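Once you scroll down, you'll see the structures, which are given as structure tokens.
Here come two complexes built around subunit A, the first alongside subunit B, the second alongside subunit C.
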Partner chain A sequence: MDLTTILIQLLNSVQYGLLLFLISSGLTLVFGIMGVINLAHGAMYMIGAYLAYAFVEWSGSFSVALLLGIPVMLVVGIIIERFLIDHLYKKDHLFQVLLTFGLILILNDLQSLIWGNDTHGVPIPEVLSGSITLTDTMQYPVYRLTVSAICLVLALGMYWVIQKTRLGMTIRAGASNREMVEALGINVRTLFTIIFAAGVALAGLGGMISAPLSSVYPGMGDSVLIICLVVVVIGGIGSIKGAFWGAMLIGLVSTFGPILIPSLASVMVYLVMAIVLLVKPRGLFA
Partner chain B sequence: MENDYIVKAEGLQVYYGASHVLHGVDFSVKKGETVSLMGRNGMGKTTTLRSILGFVPPKEGKVEIFGQDMTGARPFNVIKRHLAYVPEGRGMFHNLSVREHLEMPARAGMDGKRRWTFDRVMETFPRLSERLDNMGSQLSGGEQQMLAIGRALMTNPELLILDEATEGLAPLIREEIWRIIQIIKNDGISTIIVDKNIGPILDMADRNIILVKGNIVFEGTSDQLREDPEILARNIGV
Partner chain C sequence: MKHTLNYKLFSRMFRQIAFVGVAATMVSGAALAEDDVKLGLMLPYTGTYAALGEAITNGIELAIEENGGKLGGRSVNLMRLDSEAKPGKAPQNMNRLVNGEGADVIIGPVHSGVAMGMIKIARQEGAITIIPNAGLNAATRQFCAPNIFRTSFSAWQTAYPMGKMAYDRGYRKIATIAWNYSFGKESLEAFEEGFKAAGGEIVKQFLTPFPKVEFQAYLTEIASLKPDAVFAFYAGGGAVKFVKDYDAAGIKNAIPLLGSGFMTDGTLDAQGPAAEGVMTTLHYAASLDNPKNKSFQKAYQDTYGKAADIYAVQGYDAGQMLVQALDAVKGNTSDKDALIKALAAVKIDSPRGPWHFSKAHNPVQNMYLREVKNGHNVVVQVAAEAVDDPATGCVMAQ
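Now for the complex of A and B:
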């Protein structure tokens, strides 16, 4: 591997890691604060990707697709939390797994009904379709850099909200002692709706901005769910910081792993998870 | 006058599963009043508070807050009607700093004013001002208790509910807490005090209620209890 390849792979792994973080952050918050395992989180990513496809087809503009897609995802999140997840808070994890798994099946079928089972492509927006020259021999697609930048800005924004605002304090307090938050006169259920909807919107946004990179196909959320669960477990359930570093680690491993040890390519990520859990059974930042 | 009541609960029947814990408790607090709730371990003091606040809805009975029926309402909805609750165990957030504990729930009171501000809490609890960047879990028991009270005051309540605020604290710290409760009382805030220290309670309370196995066995002034020590001896064992 020459230096150029290493550099390009490094950029790829950072981009993939940041994207994974964007998607995983909602999963870890919902799990950590609300105590709900949302297996349909990957399906939110898929819906996002299909919305990007549909809105770009309709409007011809990727920005319009984002502007329409994000509010739609928020509404989807609010509806799912209010009408389905709301019944699960006091129930056993088994019920959560059953219901959210059922939701995956329903959403996959809906996707198939609405958009069929073909694979679709979403064109990279015109202005971002070029490449920039990094060195004499090295080019890197502008769109990938843009995806990284969007994710990074959102990560910083999330950090700011969680660390510096009263909403963020309330979210952290809810992770520590939910009943006490309620005992301060704060509506914890509304807080849950906000967290869930934000998580769904972030996963959906992840799907939207991934669409031009990965194409749009049935069941695309399933593998994303698995990898996000790995990220959340590695980072420590409920920890945003953990999700960040977990995602960056998985980004590195899944980019460089297959190059360095091709024979272990398919299990690399799980090996890393196993090793992390052996050393820190509750994850890196729990 | 009817609308002088902050809390008016009648005939509370409370169960935990099959076990019947409160047997028709009547409990009220008027504006400006300090009411104590006494009783041995497990007699239902905390349960009385928690059923009024909506954490353990009563099977029968009625809870009114400022004249409004709040029976079965969710706790946040009861509490945001200008009540503040300092629970047993203090309810710290281990991942929030002292400053954040105080900023998070801050709000104006019933009259729209903020009589208790961050600065005023700092003046009242100087020890906390040295600990602003510490996390809830890093404080001593006394500091946690002060923070729990300060946090409750930041919501500018009309009624402060203190469950075992001096439990497990060293005597000096305990005195400090009683001094603060006196300040709060002087400020015109009504209080419900659950505590095992009879002396300070009798000095502080306008009215005392004694619970035995989920029944009220005594309700009256501190003077009545001082004149007839037998009541305390029989029901609390002092």
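Now for the complex of A and C:
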């Protein structure tokens, strides 16, 4: 590997890591603060991608699709939290796992009923369709870089909200001592609804902006869920900072790993997870 | 205490659900006539391969419908079982269709991993099984059996002929890439065998984790290797992503993309302009110019409202072969040996061109070289005529 290739691969790692962070941050946020394991997180990613496909087909514009898609995802999150998750806060995790697993099956079937089983593609928005020439055989699509920029902005935004705002302060307080926050007169129920809806919207947004890069197909959320769980576990369950560095680590490992040691390509990510857990059983930042 | 109560409630609910389920099964069971021909479809109806399961089922239904909805004069009961494309569930599902439901013929699966599980049970139980897709070589090689038929292809058939085609186009050094599972590996091996036999050289082989669709790292490697061309196998959502990524990375202009035909079949709409110029080999192209294909495409479009793909053709041919064989035995499915003989002897007038079974029960068929032009797979030439899988290790082929 020459230097140029290494640099391009580093760019690939960061770009993939940022996208992974965007998708897993919602999962870790919901678990860390609400103590809810949302297995349907991957399904939310899938819904986001399908919404992007449907709205782009209908309106012809990707920005319109984003503007319509994000509120829809927020509403989906609010409905699920208010009507389903709300009944399970005081119960064992097993019930949440059963419920959200059931949601995966229902949402997959709904997707099949509404959009059918064909594989679809979402065109890259016209303004971002160019590419930057890196070497004589390799170019880098502008859209990929834009996605990275969006993820980075969102990561900084989340950091700012959680560390610097009143809402963030309440969220941090709620995560460490729920009863005390309630005793201080803060409406934890509303807080939870906001967080859950935000988590769902983050997963959905991940699906929407990766739709033009990827393809939209049945069951696309399942593999995303697994890699998100890996990121969250490595980073330390509930830690946004952990999700960020976990995602970066997985980005690096799944870019360089398969090239350097091809025979371990399929297990590399899990191997890294196992090593991290051996050294730090609660994850990097828990 | 609280937990005990919760679990009690839960188990009561569970029992109620189970009761409704059993009642529903009994109702649907009562509607069955005794003398229906029972076809057990073990195909993916959910997940990544759901579209393939649907297309195959449509094809089977269309062939039976064209025969007045009957097989050998008997009406037909299609029993669908979702294989979920999960290899682990294959033996259990197969057992359920063969022993539980008493299916006369099993049709499935799509996924080669599931096929391994099915074949094991099919060989044990002697159940007549028609494979309408799964292309793992072993099904009609070391694991071939009189009761196992395949209406689709072997991995070898769809990739070997591309070797010579690539060499003829002036490519001498090629890198290959595919998902790391049996069918992906077999496709690459067959291509490499064909390409080396023609005189070419394989620069590097990449096997990427299945079913992951993150290719950027591999594309960067390919760009730095600078081979004359790349041969790839991906299907479904993976094929869409790979072809789009390959184009977006700007490699396609310098390094042409070749592939197994599945990479551009049923996926072209989603791939859009990224697929233009990609060359593939397959045993079918929707644009094939023969009367049977035209009438089939029209009937399929009229019935299901979309164009038929390769999977629909393979399902349709499974239906056609049942129509012929059951007519030959006058609808008698109880004499299995006679039925197997009739199935092995069928001559199919298929939309892909005429074909018949080899001794190993794999189709002997033409392979076409296709190029994507304006969003369609256009046939460039016949890559190889009447291709027969080597059937290495199949006792029936000796």
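Observations on the structure shown:
As a working rule, the second predicted complex is superposed on the first by the 281 of 286 C-alpha atoms of A that agree within 3 Å, B and C clash if a C-alpha of one lies under 4 Å from a C-alpha of the other, contacts with A are read in each partner's own complex, and residues count from 1 in each chain.
Note that a contact is a pair of C-beta atoms (placed from the backbone, for glycine too) under 8 Å apart; a residue touches a chain by one contact, two chains touch by 3 or more.
In this text the structure is predicted, and so the values were computed from the model without any measurement.
Between subunit B and subunit C, the partner in contact with more residues of subunit A is C.
Contacts of A:Tyr89 after superposition on the shared chain: neither subunit B nor subunit C is touched. Once the two complexes are overlaid on the shared chain, A:Pro123 sits against subunit C while remaining clear of subunit B.
When the two complexes are overlaid on their common chain A, residue A:Tyr159 makes contact with neither subunit B nor subunit C.
In the superposition on chain A, A:Trp115 contacts neither subunit B nor subunit C. Of the two partner chains placed around the shared chain by superposition, subunit B is the only one that A:Ala183 touches, whereas subunit C remains out of contact. Of the two partner chains placed by superposition, only subunit C is touched by A:Pro141; subunit B is not. Across the interface of their complex, subunit A is touched by residues 3, 6, 46-48, 50-51, 53-54, 180, 206-214, 216-221, 223-224, 226, 236-237, 239-241, 244-245, 248-251, 254-255, 266-267, 269-272 of subunit C.
Across the complex, subunit A meets subunit C through its residues 1-2, 4-5, 8-9, 12, 15-16, 91-92, 95, 108-109, 112, 116-121, 123-124, 131, 133, 135-141, 143-144, 213-220, 222-223, 254-256, 258-259, 262, 265-266. Those residues of subunit B whose C-beta lies close enough to touch subunit A in the complex are 53, 55, 74-77, 79-80, 83-85, 87, 91-96, 100, 103-105, 107, 136, 151-152, 155.
Note for the complex: subunit A touches subunit B at residues 166, 169-170, 172-173, 175-177, 179-180, 182-189.
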